[in-house]
Every structure is written in structure tokens, then in C-alpha cells.
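Below you'll find the structures, each written out as C-alpha cells.
What follows is chain A paired twice: with chain B in the first complex and chain C in the second.
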Partner chain A sequence: MEKLSFTMKPSTPATGTRARAIVGVVASGNLEVLLERNLPANICIIDIATAAPGFAAVWEAVIEDFVTRRPAGGLHISINDGGARPDMVSLRLAQGVRLIEELEA
Partner chain B sequence: MTSANSWYEAGARQRVAAMLDPGSFAEFIGPEQREISPHLAIFDLPEQFDDGIIVGHGTLEGRRILVAAQEGRFMGGAFGEVHGAKLTGLLRAARSLGEPVLILFDTGGVRLQEANAGELAIAEIMRALVEARMAGVQVLGLIGGRAGCYGGGSLIAGCCSALIVSEQGRISVSGPEVIETNKGVEEFDSRDRALVWRTMGGKHRYLIGGADAFADDDVLAFREAALIVLAGNGRLDADVLEAEQQRLEHRLHRFGEAHDAIDIWTDIGVSEPTEIPGLATDEFLRRITDKREKANGAR
Partner chain C sequence: MRNWSTQKEALALRRYAGQRYACGKIVALDDLPRFLEAVLRPGDRVCLEGDNQKQADILAKALANLDPGKIHDLHMVQSGVVLPEHLDVFEKGVAKRLDFSYSGPQSTRIARMLFGSKIELGAVHTYLELFARYFIDLTPQVALIAAVSADRDGNLYTGPNTEDTPTVVEATSFKSGLVVAQVAEIVDKVPRVDIPGDLVHFVVDAKKPFYVEPLFTRDPGAITETQILTAMLAIKGLYAPYGVRRLNHGIGFNTAAIELLLPTYGEKLGLKGKICTHFALNPHPTLIPAIEAGWVEQVHSFGSEVGMDDYLSARSDIFFTGPDGSLRSNRAYCQVAGLYACDMFIGSTLQIDLQGHSSTVTTNRIAGFGGAPNMGSDSRGRRHPSEPWLKAGADADPDTAEGLRRGRKLVVQIGETFGEKNVPLFVEQLDALELADKLDLDLAPVMIYGDDVSHIITEDGIANLLLCRDNDEREQAIRGVAGYTDVGRARDRKMVERLRARGVIRRPEDLGIDPLDADRRMLAARSIKDLMLASGGLYQPPSQFRNW
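What follows is the complex of A and B.
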């Protein structure tokens, strides 16, 4: 298991009011993403535990892209990764910020 | 064929959301509490924040209900220490509160990496389930996920008041590969999918009283079936157990020599039994009317 942590300065704060959201499942080629809205609006921390060590540079590139494109400010994002490819990681992160901006059901 | 709201394809959280009244679900020990397995890190295996099971309460047509849903994609929905403790706790709460429980099974059995803790969890869950039932609480099992309901999960299912199964659901103590490994490919060819389904699949289990209701592979069909079954009483006492013991003895005597499920379907009088696996739900239910065996609230 490799643990990585990134503290980012996103361009946009997360929208909506939900306190948290969770998407995905820990399985081969898949990952779970837990989003918690508990940080200052100009910060996003992403903690990763991955079953595939040695891909820190790829994670950094995916996360740079994510915080540039998506409203991620104020979110503490925790990831358990079962060896997902970068496109799957991007998809789950996008689903996560989409879910946390939905109204509470 | 699977529907747009396929139970088989849905994840545990989607199933819970579709089963209960919209917005009514509240989770106990949610993923944000990070009650993860204490064992997986030792094996350098990835953890999941909810340890592969979601427990909580909500309402079903306005009626308070407790619910547990296993995530079959995380480690095959297998029972570990935390996973099991969450279900034990839910069943104890059900007994105290007098509220019915839905268990959305999707499991290969005990998680091998935490075998002792997992086996203990199965025993604790069965005890808590029976104690809840003795107190008059209904515990329904819903089975139609990709992992099926195997091993310790099938033992727990056997303790439930009633089981709802879809064609895709499989119920068996030993899985296909386990039987093949122990008894040889001549006994059971695990790669023969048709054999697996007609031996362990939902249609066969429903036909021989191993399940009590048959639902389409659709989350709303499972919801409708649960509402119908909840209208029953789920009684558990010595008379129920005695009647079921007699039924099972009779079943063993009658079908013990059968080599294939089709022999059993022929014996109970289903017309054109070889067509059963290919029938759509409506035709299947029509064809077996008054033919299937019925369990006695214990199986």
C-alpha cells in the first residue's frame, strides 16, 4: 500500500451544502472517493491509499487537472484505490464533486 | 437481460436508496467514521471506509425499517470482523426496537484474510438474528447480486424469516469452485454456468422452497416483493421448526438420489422442465403455480 497526500489550491470552492459524499467501490480497477466539506474554501487536501505503488507522478497530474477543472475548494478528499486507471480516477473525482453539490435528499 | 434498474448491476448504496422511501435512509457508522478492517493492512490489502457493508434505518411505505446492504464488489462482499459486527449490532437494535430488518445479501462468505474473526461474526449474527426473530421481528433476506449468497452468508440467509430471490441470485453453502476443488470436476463443473444456475440459482431455490418470493432483476421488483412478504408474520417457534424439519426430511427422501435439478423439476410435475432456465418471470411463475415446495419460515 502506498500512501500519498496532496494539498492543493483549487481555483473554485465546491458548490452546494452537503457535508459529505461517497462514490465508487474498492475493487480491481476501481476506487472509492470520500469527500468531506471541512476545510477553508481555498484549500483541497487529497489523501490516497493505493494498491499500486510507484505512480505518484500520475496521481499528481490527475489531481492538478481535477482542481483546475472542478470546484474542489474546501474539500478533504480521501481515496482508497484498488489500482484504477487515471481515467477512472478522474471520473470518480468528477462524480464526487457533482454528488456533494446536490441538495440533501 | 437486465433492466435499467437492475438489482444485479446496482451497488449497495444504490440498492438501499431504491428500496427505501426517498431521502429516508440514515446510516449508522457511515464511511466518514472510517471503521475499517483491522486485518487488511497486515496483508497490505486496500481497505474500504464502510468495510463493505452499509447499515442504517429508514422507512418503507412510511413504516420504520432497518436495513443492511453488502457491497459484493469489495472483496466479494465477504464478512470480516467489522463488517460482521455492523450486522450483529443492527440485528440487536432490531430486537430492542421491534423493527423489521432487510438484509441485502451479496457475499461469497467469510473473508479469508480474517477467517477466525469472520467465522465468529457469522455465529454472532445468526444468534442475534434468531433472538430478534424470537422477539417477533421479521428479518428478510434479498438475494440477487453478483456475488450471490454463499458460505456463512447462506447460513445467515437460512435463519431469515423469508428470502426474496431473483433469477440472477444464487444461494449455496459451498460455491461452485469449492465443490469442484473438493469433489472433482465429475461431481461439479464450476465452469458450466447453466449447471451452476440450475443448481444454486434463484429459480431452482424458489422451486424447492429455498426462497419464498421470486422477483425480476429490478430494484423496484425487489421493493414490491419486500412489501408483500412484510405483510406476513415471520413467526418462529417449535411448531415452525418441527414442520420445516419434516419437510426437509421428506425432500431428502424424495430427491436425495436426483443427479440434476431437472430431475427434481420433472418429479414435482413442472411441464417441459428443460425450458425452465430460459423462461421469463411471468411464464416461469405461471408454469410452476401450485408445483413449488413452500418453506415454513425456516429453511
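What follows is the complex of A and C.
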């Protein structure tokens, strides 16, 4: 298990009012993403616990693109990764941001 | 005075020797080993029928059990190296040299044996290329083939899996070679004559059906959201603008996803009747929902697919069927159809390099090619126009006057930037080159050459290589859709953005596609059971795909 942490300065704050959201599952090739809205609007912290060590550079690239493309400001994101491929990580992060934008069900 | 009939005389001797173990043309299973020993000669060129689907398995087993003291140094010329026995013959010394096309399940062992010099390799061919050589310089002296049933005159019924048989028999029998068929039963009258009896010299009563691999069955349950995204990109970003109606789909989950999105996503885009109407294609179960929804007009098939036979018989307006009602497949004709009459080939691969060369060979696996290099190549002999072909030709060569400008086939490689076990699809150098070096081959086993590839689709977008004007642009277009692989992260970002502005690279958002819309609920069938239900119960999935 490798632990990584990134503190990013996203271009846009997350929209909506929902306090937290969770998407995905912890399984081989998949990941669970917990999003909590509890940071200043110009900061995004992403903590990763991954079953596949040695991919820090790839994580960094994925996360840089994520905070550039999606409104992620103010979010503390915790990832529990089961060795998901980058395309899956990007998708789950995007799904998480969309979910936290929605009204509470 | 030269004797001009040595081959006919040799055939007569083989037939005479074999007759000892036959009653008429029929050879009993118990007599098979002695029979084969009697008709074969050391050094013979032998075609043991087997491709990626059907297998002359009983004959393969018997051949592998022959005494190498008596029968040795055979030169095997066959489409598929699929069964363990196909390699046992080399391990035991019965055979020495090999010319083939495809080796799916044996890809690891064949690599090991090539490195261990257990096999003298002729070449790895595309199917059509190997068939062609059957008529020029690799004509079999003995063909060991498979059929469903035979009558006492040797007329053969091959059933829906006709596949390579007519080609193999044509080349062997008309060039004075010996043809031996294994069949599941001897009948008074065959349901239809697929192979005329006077071309078949002996029939082995195997008392059970030949083995068929369900190679083209893809469980919709295993299709991922990323694969759905690539399928959406393909439909909206390629099929629609080029108006692709005549095409071939390779094997794989990305193309299965395309098939399953036609009646849903394709319908929503108003593309019915405008794309995907005519196929050169094995009967993919995942095509059932599109057929049932009226998308598909006609399909010609290389082979059949396990469990699809009743469905195919019940849809004779779509498929090619015989007077008996069952499918007639033919690999050679279908390969020709794919080469000359299809405007697009789309399929997956294991490695793509910076010039767009692709290969399924990795350092410890030699999977061969099957049909992909043929389907996935631009035929220089084509002369009839069609909208997609002309449009692709204009993309590639805008400066030549229309009347003299060749069209281009759309040859599309589709996949996720990372494959199984996080192995990147994009590489700086193909493993095939290292293999060629190690084995001292003249040619690296490249499946599709870069100059034949027109587009690459990944979840990152579509790269249109036809629009690239030099090697640098080509390399950056490829890096530009290579996602977070090392190749992708080493892209020249500015140049990639320039290529994007020119439409050489198109991202999902450039096509109005939100990756978050790539949802499994869009699939017209989400399980094998859904496919069975969509077929009205006519599709009977093989047991390994039944999980309910």
C-alpha cells in the first residue's frame, strides 16, 4: 500500500452545496472516491491510498488535468485505489465532482 | 522421356496404401494411426485444418501420436496453431517446419519453442496470404480436414463452420494431393454438399463433432465505461462523418460496445440506415440487438460462432445460408470481401508505436495475425468508389485532382490507453522488433503497418493520421491520444493543441461527448442473457458463458 498526497490550486471552485459524496468501489481495477467540501475554495487536497505502488508520476498527471478541467476547489478528496487504470481514475473523479454538485437526494 | 504424372502416381500409391485400412472411403477410428502412417511420407507438406475457430482435433491428436521414427520432418502449413497437439508434433519430431497465421491460445508456448529452435519458422501470414500460397508455393501434399458429416461417396457437409475447408481442398485435391476428412457421422445423404465427394479420398468416422472455439463471444457484462466512451467516439466521430456502411469489426470489447450502442446511442444520433448496414463479420452475438432493431441489411461470415446456428438459420435475409437452412461461411471469400468491399476495418491491438505500427506480438507471446493485416490494409487493387473511401482519400491527399486521386480505406485501431494489468498500449518501440532480432527474422511481425492506419481511437480522443503531413505530426498525433502512458505524457503540448485546432486530434468535448455519459445503461444488452432474450431464445450461449 502506497500513500500519496497532493495539494492543488484548482481554477474553479466546486459548485453545489452538498457536503460530501462518494463514488466507485474498492475492487481490483477500480477505486472508491470520497469527496468532502471542507476546504477554502481555492484549494483541493487529494489523499491517495493505492494498492499499486510506483505510479506517483501518473497520479500527478491525472490530478493536474483533473483540477484544470473540473471545478474541484474546496474539496478534500480521499481515494482508496485497487490498482485502477488512469482512465478509470479520471472518470471516477469526474463522477464525484458531478455528484457533489447535485442536490441531496 | 520425362514422366509428367509423378504427382498422380504418388497419389495413387498413397491411396493404395491407405485402402488397406478403409472400407470404401471410410476409415474406422481404431485404424487411424496405422492409416496415417500408411498415407504420409517423411518431409510431406501437410495442411492440418484448424483456424481460430474449428479444429480437425481427432486428426491432430493422431498425428501427434505417430512414431517419429517413421513419419518425421513434416512441413505444416495451417491457418491456426491452436490445439496443444499442433505443437506436440514439433516437440516429438513428427514435424519440423511451420508456416501459419494465428496462434491465439498457444502464443506463449509457440514463442518458447521458436526460441528453443524446436520449430523452423517459415513465416507468419495473414489468412488470405497463406491461402494464396497454398496455390503457388505451399501446396499441401496431404490435407487433414474436418466436417460435420459425410456420405459413403465422401461428399461432405461442413455445417455452419465451413471456414477454410473449400480452399484447403481446392488447393490439395486438384494438385494431386490426398484429402482426409474427420466427420462426426456417416450418413446416407448429407444435408447439403459443401465439398464434392470426388475431391475427398478418405473419411474418418470420429464419432463426435470437431472442436469449435467460441472466439467471438464477448460478454456485455464485462464492457467497461471507458470502452463505451471509445465506442461513442467511434460512432459519432468516425462512422457518422464518413458515412461508413460497409465494414468489418475486429474481435474485442471496444467493437462489441459499438455493436451494442447502435440501437441506443446510434438511434439517438439518427444514424440508422446511414451506418453499419453491411458487414464482413463473424456472427458476433453482440450484433443481435442491432440486427433485431433493423440496422443490419447483410452479413457475410468467415466462420460461425458457437450457439448462434439457430439464430442464423432464422435470419436468412441477413446471413448467407444453404438450401438446408444453415449458415454457409467461407474464410477466404470473406477475407476477400473485407479487403475489397469494405470501407472500414476497426479493431484492437496490444502495442502501437510512434509511427502507428501495431503488433500483437510481445516478447513472450507470438499470437500471429489471423485476418487483421488483410482486413486492416488499404487495397491498392480497389477501383470502385464509395463515400467513405473517397473522403478518406481526400483527407490523405488534398492536392491531387479528384479524378486521379485514390480513395483510402479507413483502418482504425481502437483501445484504452492502458490494457490488462496496466500495460500501456503505446510504446516507443514494438516488442516485435526485439523478437525479430532474437529469432533472426527478415521481417518484424507487424500486424498493421503505420501507413495503413488511418485513425487511432482511445478514451483520450481520435487521432486522424490521414491529416498528418509529416512524421513529426504523426508522432505528436499519436502521443496526443496516448493518455497518461509514458508516450502520452511525453507529448509536445503546444503541437498537440495545434493539431487539435486543425481537427487532427478530436477530444470527446470537441465532439460534444461528455465522458460522464458513458454509462453501461446505454448498452442494448448488458449480459449474455440479455443477448439470448433479444434473439427470442434462438441464441444458445455456450455453457462457459451461462452464469444464471
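Just so it is clear, the second predicted complex is superposed on the first by the 105 of 105 C-alpha atoms of A that agree within 3 Å, B and C clash if a C-alpha of one lies under 4 Å from a C-alpha of the other, contacts with A are read in each partner's own complex, and residues count from 1 in each chain.
Everything that follows uses one rule, which is that a contact is a pair of C-beta atoms (placed from the backbone, for glycine too) under 8 Å apart; a residue touches a chain by one contact, two chains touch by 3 or more.
As the structure is a computational prediction, the values presented were derived from the model and not from experiment.
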Between chain B and chain C, point out the one touching more chain A residues. B
Partner chain(s) touched by A:L39 [first = chain B, second = chain C, both, neither]: neither
Looking at the overlay, does A:A61 come into contact with chain B only (first), chain C only (second), both, or neither? second
Is A:S78 touching the first partner chain B, the second partner chain C, both, or neither of them? first
Between chain B (first) and chain C (second), which does A:R98 come into contact with in this model arrangement: first, second, both, or neither? second
I'd like to know which partner A:D87 touches here: chain B for first, chain C for second, both or neither. second
Touching partner for A:L4 - first (chain B), second (chain C), both, neither: neither
Scan A:A49 for contacts with chain B and chain C and give back first, second, both or neither. first
In the complex of these two chains, what residues of chain B are touching chain A? 11, 13, 22-23, 31-32, 41, 44-49, 71, 73-74
Quick check on the complex: what are the chain A residues that touch chain B? 1, 20, 22, 25-27, 30, 32, 34, 36, 49-51, 78, 80-82, 104-105
Chain C partner, complex, touching residues on chain A are 52, 57-58, 61-62, 83, 85-88, 90-91, 94-95, 98
For a test of understanding, state which residues of chain C touch chain A in their complex under the given definition. 224-226, 416-418, 422, 459, 483-484, 489, 515-516, 518
